[in-house]
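Please find the structures below.
Two complexes come next, and they have one chain in common, subunit A, joined by subunit B in the first and subunit C in the second.
Right, the complex of A and B next:
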């Protein structure tokens, strides 16, 4: 087996007394689609924020391609080839859809002072951005103001932007939520095609059917701890996982 | 053109230069600055000192003046731009008061008397005054507008727009928030320095109060009125607010109040300004002026 692309070791993040993530460790192998699942508040998004550098871990280590990556700031993580989407979508509201994508295309420029002075309003750049929009099915909306799009389109816009940044690893935080059935099918298709191009995908997903169908392996979090890890069929039968999900449900049904 | 009209036109051109700089900071990068007059003052004082004590010509001093303003912008921006938007407003006000106090109390800067006897600008042996000096200001205004025009088309500009809209998303796309905010700050304060140099050589006698906090409010009002983040907004804002007190003479005494009220009205009813529909900085302004939400 090849070396892990992402190696997370005993990762913890506390907010005051709240252990949002407590000594969680797992690997993401190059080329796989790994699902991070768990009930609400399990610590999934916190885990993404630690990987992408938004938070500094309270303890633990993150290795990317064999190099320490924890404590690296978000823009530097991006320059390592890690792209991410946000659970709460974050479009550049007053910019157009294609301009949103162009911002992500600029990743090859932002680190070089000499490059940031050239223009993004060139035919070549815009055409490439349009190609990316075509890939996620947003080409027709290229000139629309991003802030005015419905959620389904914004999720796709987020993926388009993340794809231009994450040529090694893509972090998708609930990209399927709020989508209609046809959109879900299209997006599954897209994620598989992304993996075909050699990009590793780590995704957070609440829709079990989607997670089971799409992921090679799953990591299950609950209350900040890892409670299971394995292939979808194994996870489906895992006692702890069933308890975590059902227990929650019964508790909320009783309430 | 009458001498009176030329005077007003010249001041408007100078203000437009300074306000274009403020627009880079506030409009393009979304960083509120309530202390822009400080950098206008730093430009004016360094130009005045280099001309009177240093004996340098306007032209040899100008690159230094712009560099000094931009460099101090860099130094002051570095800690300021790391703080959240509301604190940035307070910090920049603080910078304005400190700089004004330094001009006022440090003897080297002329103290309460200010600096007088600043020579006129020479151009191939000719003293530039009246209409000729106005054209000089217009020339620099065109240069500044061209820089802004290019900035908006550049990756650097796009990075600033992204930061203005959604900082964490921009960072996830490889944009260093600190680096690009600083870049905008340096360009903006450099332009303020240029305007300051022109002002010093035009008025030829400068004092600390020329660069006090109300002047910063005036500059911000010009940006907001014209349209934050637009190319021509600052020029329009400078034109209107530069001409208005001349047209309505009684207004002069209530200028500061008028600008404040205007700011509030604009933010409440027309946050995009006269020339723009972009309203990203509204959040920032709304957060510092209670009651301006929505």
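Right, the complex of A and C next:
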């Protein structure tokens, strides 16, 4: 671990009177797997949407690789090498699996007028896309219509797409939810292997066991504020975190 | 029998022109889920600008290019200044905006060019063909060839180029397309450029075909193309083209040849009502 790849400072997002995210700051170091956890409505996905440019922050700064990144539009964030998945899987349903990957592969061309006319049907392009599918274990399904795949495969497809875009930073939004146990184990291995190739991973996770087992460090949000940050063992013992998840002692006594 | 074939040829030409106008509407609906009624206004402007450049230079090629460029800019202006700010509202709001733009375009044409019917007396540079006693006029040949060329061009773009893939991705889900590095707003603008340039071609062809250009020439196409994209399956470009071809042939044969006592323009809406009752997803639509 060297310098921070992603540096988030005093980040806030208000929707009218609602403070969805309030002065949250943390760093993501190059090469680590950082987990963003917290109860429902804690502001995790809002935080992702701010990083990926879907929302503009109300206040605060985001630095990526030392450069200011807040307020840039989503496709520009993608061009900086940040790939993301979505909490609700959204494949391009009518395209085939391999075409879904090719859309993401197009990232090297969309910015250049001369290359936007080039074909995506060349052998080389398709072979590279198939290699990526092999890596996430979907090669056999390459020609299927993406909208018809089961959830576990869709999650892998989303990761394949995000990997082609995010060669520096990968944002995974609850990639494990709704998966069976074997699928969870396979996906954990995939994410570790992604980290081995030097890609930094920031993930939102609901499943505590997965988050504790997979992440190097955890950042805990509750009601839009950061309440803890540290190694999984430290977080497990942290009283504020236990309170946030299980409810305050007084409150449960009164009930 | 000869009359039948002549009518069939006319029907295919009619259908081709419907297809050219409907294409833009289907493309825009596919990507923004907006009923782009003002598209028929762009088509009217296309005919006027084409006629203007033709009278100025005497060259149909300059007229076509000038009209396509002007209409492409008009289409993008409508997208940027009318639809884009209204996208966050329910779909009927941009629809109302679109109808307003359509009326404004008609009235502007009337103010600038006058309410009279102008003639567009140009001879299209296409050969006349004799086929077993039937003559295919150079105008019909032009309509066939240009439509085939436009369709082939669009098919090539959407099926083979990176731009086409980006357009297909954007039409499915704008946030995801953005996350894949696609500048979706630029793709939307390119869609308007394509659709509007094609509408300009259609406007010129119709102007020459009937030898007339007038401010309300877009009124009938405005609602007929709406019926056509419903029949074809909302958002399906191939569906819209097939529906347009079928309608052109059906109109000419059923009413022109078989003399069914119905107003010609009613047919599109009978087809639309039929589709809505029995096959609401349209000919090629999904969902």
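Everything that follows uses one rule, which is that the second predicted complex is superposed on the first by the 246 of 255 C-alpha atoms of A that agree within 3 Å, B and C clash if a C-alpha of one lies under 4 Å from a C-alpha of the other, contacts with A are read in each partner's own complex, and residues count from 1 in each chain.
As a working rule, a residue touches a chain if its C-beta (ideal position, glycine included) is under 8 Å from a C-beta of that chain, and two chains touch if they have at least 3 such contacts.
As the structure is a prediction and not an experimental result, all values here were calculated from the model.
The superposed arrangement places subunit B and subunit C in clashing positions on subunit A. By the document's definition of touching, both partners, subunit B and subunit C, reach A:92.
Of the two partner chains, subunit B and subunit C are each touched by A:78. Of the two partner chains placed around the shared chain by superposition, neither subunit B nor subunit C is touched by A:126.
When the two complexes are laid over each other on chain A, subunit A has residues 52, 54, 73-75, 78-79, 83-84, 86, 90, 92-95, 99, 102-104, 106-107, 109-111, 115-121, 161-162, 165 in contact with both subunit B and subunit C. Touching subunit A in their complex are the following residues of subunit C: 160-163, 165-166, 168-169, 172-173, 175-184, 286. Taken in their complex, subunit A has these residues touching subunit C: 52-54, 73-75, 78-79, 83-84, 86, 90, 92-95, 99, 102-104, 106-107, 109-111, 115-121, 161-162, 165.
Those residues of subunit B lying in contact with subunit A across their complex are 150, 153-156, 158-159, 161-162, 165-166, 168-177, 180, 277-280.
Note for the complex: subunit A touches subunit B at residues 52, 54, 73-75, 77-79, 83-84, 86, 90-95, 99, 102-104, 106-107, 109-111, 115-121, 161-162, 164-165.
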